[in-house]
Amino acid sequence: MTDPRSGGDSLPEAARESRARSPVPPLSPLRVAVSGARGRVGREIVAALEADPGFECVAAADVDDDLGAALSGASAQVLVDFSVPTAAAGNALTAIGQRVRPVVGTTGIGDAAVTTLRGRCEAAGLGGGVIPNFALGAALLMWLAELCAGHFESCEIIESHHPTKLDAPSGTALRTAERLLEARRGRPFRHPDPRTETLPGTRGGSLGGAGVHSLRLDGPVADQTVIFGAAGQTLSLEHRTTSRTAFVPGVLAAVRAVVATERFYTSLEEVLGLPPAASLGRAMASSEAP
Amino acid sequence: MTDPRSGGDSLPEAARESRARSPVPPLSPLRVAVSGARGRVGREIVAALEADPGFECVAAADVDDDLGAALSGASAQVLVDFSVPTAAAGNALTAIGQRVRPVVGTTGIGDAAVTTLRGRCEAAGLGGGVIPNFALGAALLMWLAELCAGHFESCEIIESHHPTKLDAPSGTALRTAERLLEARRGRPFRHPDPRTETLPGTRGGSLGGAGVHSLRLDGPVADQTVIFGAAGQTLSLEHRTTSRTAFVPGVLAAVRAVVATERFYTSLEEVLGLPPAASLGRAMASSEAP
Amino acid sequence: MTDPRSGGDSLPEAARESRARSPVPPLSPLRVAVSGARGRVGREIVAALEADPGFECVAAADVDDDLGAALSGASAQVLVDFSVPTAAAGNALTAIGQRVRPVVGTTGIGDAAVTTLRGRCEAAGLGGGVIPNFALGAALLMWLAELCAGHFESCEIIESHHPTKLDAPSGTALRTAERLLEARRGRPFRHPDPRTETLPGTRGGSLGGAGVHSLRLDGPVADQTVIFGAAGQTLSLEHRTTSRTAFVPGVLAAVRAVVATERFYTSLEEVLGLPPAASLGRAMASSEAP
Amino acid sequence: MTDPRSGGDSLPEAARESRARSPVPPLSPLRVAVSGARGRVGREIVAALEADPGFECVAAADVDDDLGAALSGASAQVLVDFSVPTAAAGNALTAIGQRVRPVVGTTGIGDAAVTTLRGRCEAAGLGGGVIPNFALGAALLMWLAELCAGHFESCEIIESHHPTKLDAPSGTALRTAERLLEARRGRPFRHPDPRTETLPGTRGGSLGGAGVHSLRLDGPVADQTVIFGAAGQTLSLEHRTTSRTAFVPGVLAAVRAVVATERFYTSLEEVLGLPPAASLGRAMASSEAP
């Protein structure tokens, strides 16, 4: 008997293994519907689904369309919603009603709606998710940096954005510095201040000894580098964004995950299966003195 | 009875936690002896031990010295050996005989000697290790790259060394590519070949679709970059070596580890507590289709 | 008689100096018309002119519009043409007939048309230009690399493009390598081949000893790095493209130049005033033995 | 008849051209003496001369040696002095007395001594030089950055040094920012300040709108990057130091230059033949509005 929770993944282990090793795409692409399909993000999602042989875009609806009708008969496995805050939860409930797993990327739907959607998905035995940030490389970079945090005593973070960005540092840079310190259980990095300062301010910001430097210039979209230093070496992790399509891989990963696991996700980290650095044990947290 | 020389390891958990949070060094530095102390590497080890308040160099012996006499009365907790293949195992056994944990960095001592040393350490209830490569950043870079391998379909590796290096690619680059493929269970990266080639060979080498490019030029010591690409973004991991002291942090981490855990280590990855990517579960191995 | 439309160029030297030092934009923005205004490039040009206080977009025409009528009364100083090869030369002649300087970016108009346009501009005492490539950073990078070519004996070029690019290396990388060799009067760089090759091809391509490496991965738009090596150091020049608007600064520079100098330009290098490396004298060409 | 000004370069133009094109070293290596030969720098100079087939180290003297005797009969063409301030000028005069061109790298000899040495060299028809900084890549980087300064409206400078450096920013970073502004005749770069600052100081220092960021971490020796931004692109110039031998190429270039030209040099820029950006004309200084 087929486990009903395994959705499209009813292949026996051996066959899955064989498919994993194969360069050809799976025979049956995942069937995906999109709501908010004519919005800036929605258009990119539709284009990406059509370009990837692992997916099929079986329905595309926007604000004036009847989503229920669009889903009906489309045999969608997942609905991706990038609509508007007032419509997103309703779209997701419509999907669940037709046994379609919702993946909501629309921000600002509120905690109550997330709780409701989680409950409805679980009751229906369906995967789903409400995920506020789909930037694959940013999520990975922060996680990798956490994993390194205990092994180095010097750290500098550089982020680059266009000149019209109003805040400094970027939210990602600040969050990165915070997570580095959490991974070190608060133990600060070494952050020497200059004895002689021939131009004020060049040492930048510091959070727990992690230097933070914000560049604002024409050219970059959204870049971040974390540089760790130790005797005779540096280890640098750098995420560069070159296009607004940078959220696409995260969305596709979430679509795969909700079908494969029938779980409910609230962050891209969960989708990607990135275990918190703290869970990886004491040794991970530090190569320093106990 | 608690060995009085084991220093910080006999502290109760709460006290250790408090010290971990403290920016001041532990009260009792680790007491370390060095054999091969006048060799190129040994000299750097001695200098590093003297510069770091967490350590004390209590004995330094070289080929013509009587190591047993040097250790006697020195109350060393660890012997670091960077001598010669013919002397290293004997030095380690001398250390164990005086209840000093051996950390052997000398290469070429043979598998039989490693087995013997492991047995003798375990019988004595002492930590120890034989570790052929102490490059902290290189070990971390390979591990981080493994963790990323399943999340990207494009990968290019660039390594840079001085012009007199005789082999290409570097052993580290080749091993990195192999480990990336293992982490993907053999699923190759996308590696498009050019339709028109206006200069032969510019696409470099390829192992399972991971491009490998070897730069040979004056200036670099030993650098490696792994670049992953996805829609609208790249994630790059870069290790740069600026000095032959790059092995120092790995040696110091091993010294701490053998005292703290009384285990026997055969790789820097174990010392650093880097769990194999495969052990982190299916989700870690891939954000791709099953 | 001074042409009243020539704006800032009729100011006395002192006034120009004062304006050059001033952070405020010139009082009279340059008046620019655009043909091909609804094409992919044309739209970006119009947007850039409107965003920059130094310019005013006074006419925007496309294939079905009457360019002569659009220019009439618009008092344009320059026509920027990004239309189609069959229309571009005619558009430029229409502009000259109304004493408007043509800047043609449309490629493929043929050498004869360039000669004709140059002659007509010169006869009318007007600046103008036909410029096939407006990538500011690429032009500067090649020129800077030429200036360095004689001072280093090691050189490696890395270019990165998206996976669907059909040729390798990029035309810019090949042209860069050629120009480096010209600047060295054919003297090759040192390019050691490996004695042991554990993966074939990793040393990449070579033109006169300049290594050339082509990366093809999702993420990058069009990047190039030239790395020079010498004892104990590297000097790297890197151009990164993050958007198709990268041609805009070159177009704006050409618009300024044709008004300021009333010369006729056939390359961005001329517009930018980048003297050929060879013209900067023997010393520039080499710090090596004669 | 041999032109007396051409020194060791008495080959006719055709022969020189042929040698310039040839990959083999010149038949007669330049004959060089070193004073301060056992100092930290002097030892590296001696080693570099011995490793390069274009040079021969014909004498090596240190503080207790009789330099005059060492030079006598050595047929040295050039004396390289890295001794001490109190001895350097005397060493140089001894060299001139034996018709050996002095290249003084010892710092702190005073302006009067420089004037004396220049006069004595000119009177003797000999080349020579007193050059306080031989860092090839740093000199080139500053010059290239000057050449770019007028073509971009965004600029950020990042310099990285080891944690024990006492001043920030580095002297080179400050000088670079000053020269960028001089090349722009004081016209500042755009340097937006954040409206919201979630961590103070991350925008770093600013000189005329060029951002300056100082990183202090284990690993780097002395690195500097200048990043210029424009629409859709960045152009980055990066100098990395990996060893204290980084001064060697500059010294060798100076040795060649004093023989080839019989001029007297007071900066590496002159030796390298880097014309001041201002001398390259108005167009070079700016692609911006006049």
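For clarity, chains are labelled A, B, C and D in written order, and residue numbers in each chain start from 1.
Throughout what follows, a contact is a pair of C-beta atoms (placed from the backbone, for glycine too) under 8 Å apart; a residue touches a chain by one contact, two chains touch by 3 or more.
Given the structure is predicted, the values throughout are model-derived calculations rather than measurements.
Taking the CA centroid of chain B as reference, the farthest chain centroid is that of C. For the touching copies chain A and chain B, the fraction of interface residue numbers used by both exceeds half; the interface is of the same-residue type. Work out the mean CA point of chain B and of chain C, and you get 48 Å between them.
Centres computed as Cα averages put chain A at a distance of 31 Å from chain B.
Chain A and chain C have Cα centroids lying 38 Å from one another. The residues of chain D that reach two or more other chains are 219-220, 230-234, 240, 242-243, listed in rising order. Considering their complex, residues 152-156, 158, 160, 163-169, 171, 173-174, 177, 190-192, 194-207, 211-220, 227-234 of chain B touch chain C. Residues 8-9, 16, 19-21, 23, 25-26, 30, 48, 54, 135-137, 140-141, 144, 147-148, 151-152, 185-188, 230-249, 253, 256-257, 260, 271-275, 280-284, 286-290 of chain B are the ones touching chain A in the complex.
Within the complex formed with chain A, the residues of chain C that make contact are 219-221, 240, 242-243.
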